[in-house]
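Two complexes, one shared chain (chain A), two partners (chain B, chain C).
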Partner chain A sequence: MLTINRLSLQLPLYVSWWKREWATCLNEFSLTFCSGEVHGVVGASGAGKSLLAYAIMGLLPTAARLNGQLAYQGKPLDEARQRQLRGRELALIPQSLNALDPLARTKRQVAWAAQRAGQSSRHALQSAQRALDHYQLDARAQQAYAHELSGGMARRVLTAMAHVSQARLVIADEPTVGLDPLQRQRVLDALRGLADQGKTVILITHDLRHALPIADRVTIMRDGQQVETASARAFHGSGASLASAYARALWLALPDNGFLSHAVSQAQPTEQEITVA
Partner chain B sequence: MLEARQLSFHFSPDAPLFDSISLTLNAGQWVGLSGDSGAGKSTLGKLLAGYLAPFEGEVSLDGKALPKSGIQPVQRLPQSPELAVNPRWRVGKILREAWTPTETQCQAFGVQPSWLSRFPQSLSGGELQRVCVLRALVPKVRFLIADEISTMLDPITQLELWQALKQEAEQRQLGVLVISHDNALLERLCPQRLHLSGSQLTPW
Partner chain C sequence: MALGMQLIPRIARRLSRLTLVLLCVALVSFGLMMASPVDPVDAYLGPQMAQVSPEQRALIAERWGFDAPPAVQFGHWLRQLVSGDLGWSHVYNQPVSEVIGQRFQRSIMLLGSAWLLAALLGFSLGVAAGAKEGSTLDNLISTYAYITASTPAFWLAIVAVLLFSVTLGWAPTCCAGPTGVLNQDVTLASRLHHLLLPVITLALLGIANITLHTRARMLELMRSEVATHAFAQGASRFDIAWRHGLRHASLPAITLAFASLGELFGGSILIEQVFAYPGLGQATVAAGLRSDIPLLLGIALFTALFVSVGNMIADSLYSAIDPRMTSGGL
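Our next item is the complex of A and B:
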């Protein structure tokens, strides 16, 4: 469905006004996402998870240096194709709530997403209504402006926008931050439902525990590199079926597992600073 | 001993947040506080740390009211460290505002010497959270109110933070109130747990 082949990404880092260094954010990253799967992408902050999403969507800053190939349904995914497919075939649920238009009411905004995917304006309003009802946003929230929504509501609006776009590849960037357990389950179930319809869902999160029940495969990232891609079933017990020490440490650090009894030295403390190329 | 007696608080008179709830926290004791969003967990934390004054009841430390000025013996650690630091100060100045932690303490909390000359915006949330926790561990501090301090951290960073804090708290006999949504985390950290719902505090 989507193949990433040796993708490297570098961003400029200004040491002073005139001196520029390149920070490597993704390093020879290769991965294939299949249709019908929820693929969890898990890693510490600064591991390059969100940048991976932006690279797939073609939303990187212009100064970025990108190497390697992306292929969507067998054909190379270049900038022109990304622009054409964005919002139609590819949808991103962004992490930042600032992605909502401050000047448009919720329902109108979701209808725009449906229109972008090719629906007529009347039809779009109807599907916006349906999607917002599905995410339990009442009539008042549907007529609200972005600043009048709570964090959890805004996040559900963003999820509803991806829902109406009928995209075949949905990238959800931390979709459950700030949601209470019930809402979180609703959003995760909705993502699972999309995958069960044969779509591809990339779930970017640092919350390994809540991603596991709905994910088919999980990729662990660290410092822009892929540490391990394992079946979600490999995360159980003492994590013996996980190949890398880092993935095992991540699993054992969860409060349900070893936690305080688990020695940190095994975890190889993460040096999160970006390696300067 | 940090003691809250018969606290009542509300933001609007027709919807009381708590109705005469009481709570004691002894030195060296870890208590977990859970509850739904909007139940008033953070507000209770702010009352205990003296950020807010209760309408009825009182908060006392060893039988005396909390000091009005100077270093507060009850420190509250907020959820978002970005909002708790001065963006115009460098990390070194932020960290040493009230005291200077030793090298070993910095190491235990994973605070790198290279961060000190940087501005807080250039650190990630997890890195800044560790700076903020270490900043609050002034020698005079007796109790900590940890309000969802590890929600945005990945499992390993979360574990390192709690291990460092646990060690420090044991050494100095600090009492800690851990506020979190995460029941599994509270179960691991706190022998005693309380649940706040419907303006009442019940043992869990």
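Our next item is the complex of A and C:
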């Protein structure tokens, strides 16, 4: 479905106003996402998870240096194709709730997303209505402004916006942040539901626990590099079937596995989080 | 229903605040007039000053009530005001209310069209410039806006008269209509022709201000997560400017447009002077130079009322556009 081949990303870092260095944010990252799967991308803050999402969507800052290849459904995914597919084939559920326009009502914003995916304005309102109903947002929430929604509701509105686009690849960037367990489960179930319709869902999260229940495969990232991609089933017991020490350490650090946090620090060398090239 | 219940005290509060503002304005302007070195009797007499005996001067002063202490004069004026009488202008030899009425009719044409032009053009230019930071269009508009924003109004007016009226002869040099034609005989076309240059000059300054503020808000929006999210949905720059930009940028534009009514009034005083346009601004200058206290107080009061109402409208419009203002959000 989507193939990433040796993707490297560097961003300029101004040490002082005349001296620029390049920070490597993704380093030779290769991965293939399949249709109908929820693929968890797990890593610490600063591991390059969100930048990976932006690289796929083609939303990187203009100063970024990108190397490597992206291919979507067998054809190269270059800038022009990204522009063409954004909102129609590729959808992003952003990390921040501030992505909702504070000055427009919920339903209208969702309808905009549908219009941007190519629907007529009347049709768009109908599909906005359906999507919001699907995510259990009542008439009051549909007429509300962003600041009147709870965190969970806003999160579901963002999910509905990706839903109406009928995109076949949905990237959810930290969709569980700031949600109580029940709300979180609803959002995760919604994502699982998208994958069960045959779509590809990339679930970006820093919390392995949130990815495991719904993910088919999980990729562990560190410092812009792919540490390991394993089936979600590999994360069980003592993690013996995991190849890398870091992935095993993350698994063992979970509360259910006895908080073995020293394992993480042992598996993590003392080098800087961002490798300066 | 609850909204209506809230509305009445809110209006009452606004009105009482407005009355207080007007009273302060009247008091301060009166104090300034009292401190003015121009003697109203001298100013009234003009060149005939030397031919008038001190007794006659005292008589004039007594007739106009200038002999009484300032506090008594102010009290007298206030009593008259409450009964609806703004007093008598000795410069125009007419009731103050009539002078203001006539002059304002002409000024409102000038002010209104300049204001509308500045608001609409400034807003559109700001949105166009802010939609793509650093584009050729943005650079052009910003440069233009920075230059006009730092140009003094009167200087621009003088240059405009020199270039378009004197050198090119496209526009008349003065007045609201051709000289020697009675006010009621002036045709609409001629009126508009006389308005053209002052309106454009006055609007140019307002445009720059509104453009720069609208642009700043647009840049903020285009860098925000709202815009990134819209890009992720496949929106074009135009789409984002149209759907999100207009809403976001209209907030500062509206506030600024209504709040700048005072500046516009100030600008019109200079512009009317340069173009010899017989509006309220020119009357203000005449009243000030010749110590016409009732007229100046009347104009000050009227202007304060005008500007305050403008600010009030801005306030209410702001909360109508930004939902966060009404439902106690932010």
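Operating definition for what follows: the second predicted complex is superposed on the first by the 264 of 277 C-alpha atoms of A that agree within 3 Å, B and C clash if a C-alpha of one lies under 4 Å from a C-alpha of the other, contacts with A are read in each partner's own complex, and residues count from 1 in each chain.
Following the convention adopted for this analysis, a residue touches a chain if its C-beta (ideal position, glycine included) is under 8 Å from a C-beta of that chain, and two chains touch if they have at least 3 such contacts.
All figures in this text were calculated on a predicted structure; none of them were measured in a lab.
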Checklist entry - Can A:201 be said to touch chain B (first), chain C (second), both, or neither? => result neither
Checklist entry - Regarding the shared-chain residue A:128, is it in contact with chain B (first), chain C (second), both, or neither? => result neither
Checklist entry - Looking at the overlay, what does A:44 touch: chain B (first), chain C (second), both, or neither? => result first
Checklist entry - Who does A:165 touch here: chain B (first), chain C (second), both, or neither? => result second
Checklist entry - Regarding the shared-chain residue A:255, is it in contact with chain B (first), chain C (second), both, or neither? => result first
Next on the checklist: Quick check on the superposed pair: does A:181 touch chain B, chain C, both, or neither? Answer first, second, both or neither.
Outcome noted: first
Next on the checklist: For A:111 in the superposed arrangement: first (chain B), second (chain C), both or neither?
Outcome noted: neither
Next on the checklist: Shared contact residues on chain A, chain B side and chain C side combined as an intersection?
Outcome noted: none
Checklist entry - Can you name the residues of chain A that touch chain B in the complex? => result 42-46, 152, 177, 180-181, 206, 208-209, 249-251, 253-256, 259-260, 262, 264, 267, 269-270, 272-273
Next on the checklist: Quick check: in the complex, which residue numbers of chain B touch chain A?
Outcome noted: 36-37, 110, 112, 114, 124-127, 152-160, 162-163, 166, 181-182, 184-185, 187-189
Next on the checklist: Can you tell me which positions in chain C touch chain A when the two form their complex?
Outcome noted: 224-226, 228-235, 239, 243-244, 247-248, 321-324, 327, 329-330
Next on the checklist: Help me check something: in the complex, which residues belonging to chain A touch chain C?
Outcome noted: 57, 59, 83, 85-88, 91-92, 94, 96, 98-104, 112-113, 116-117, 145, 147-148, 161, 165
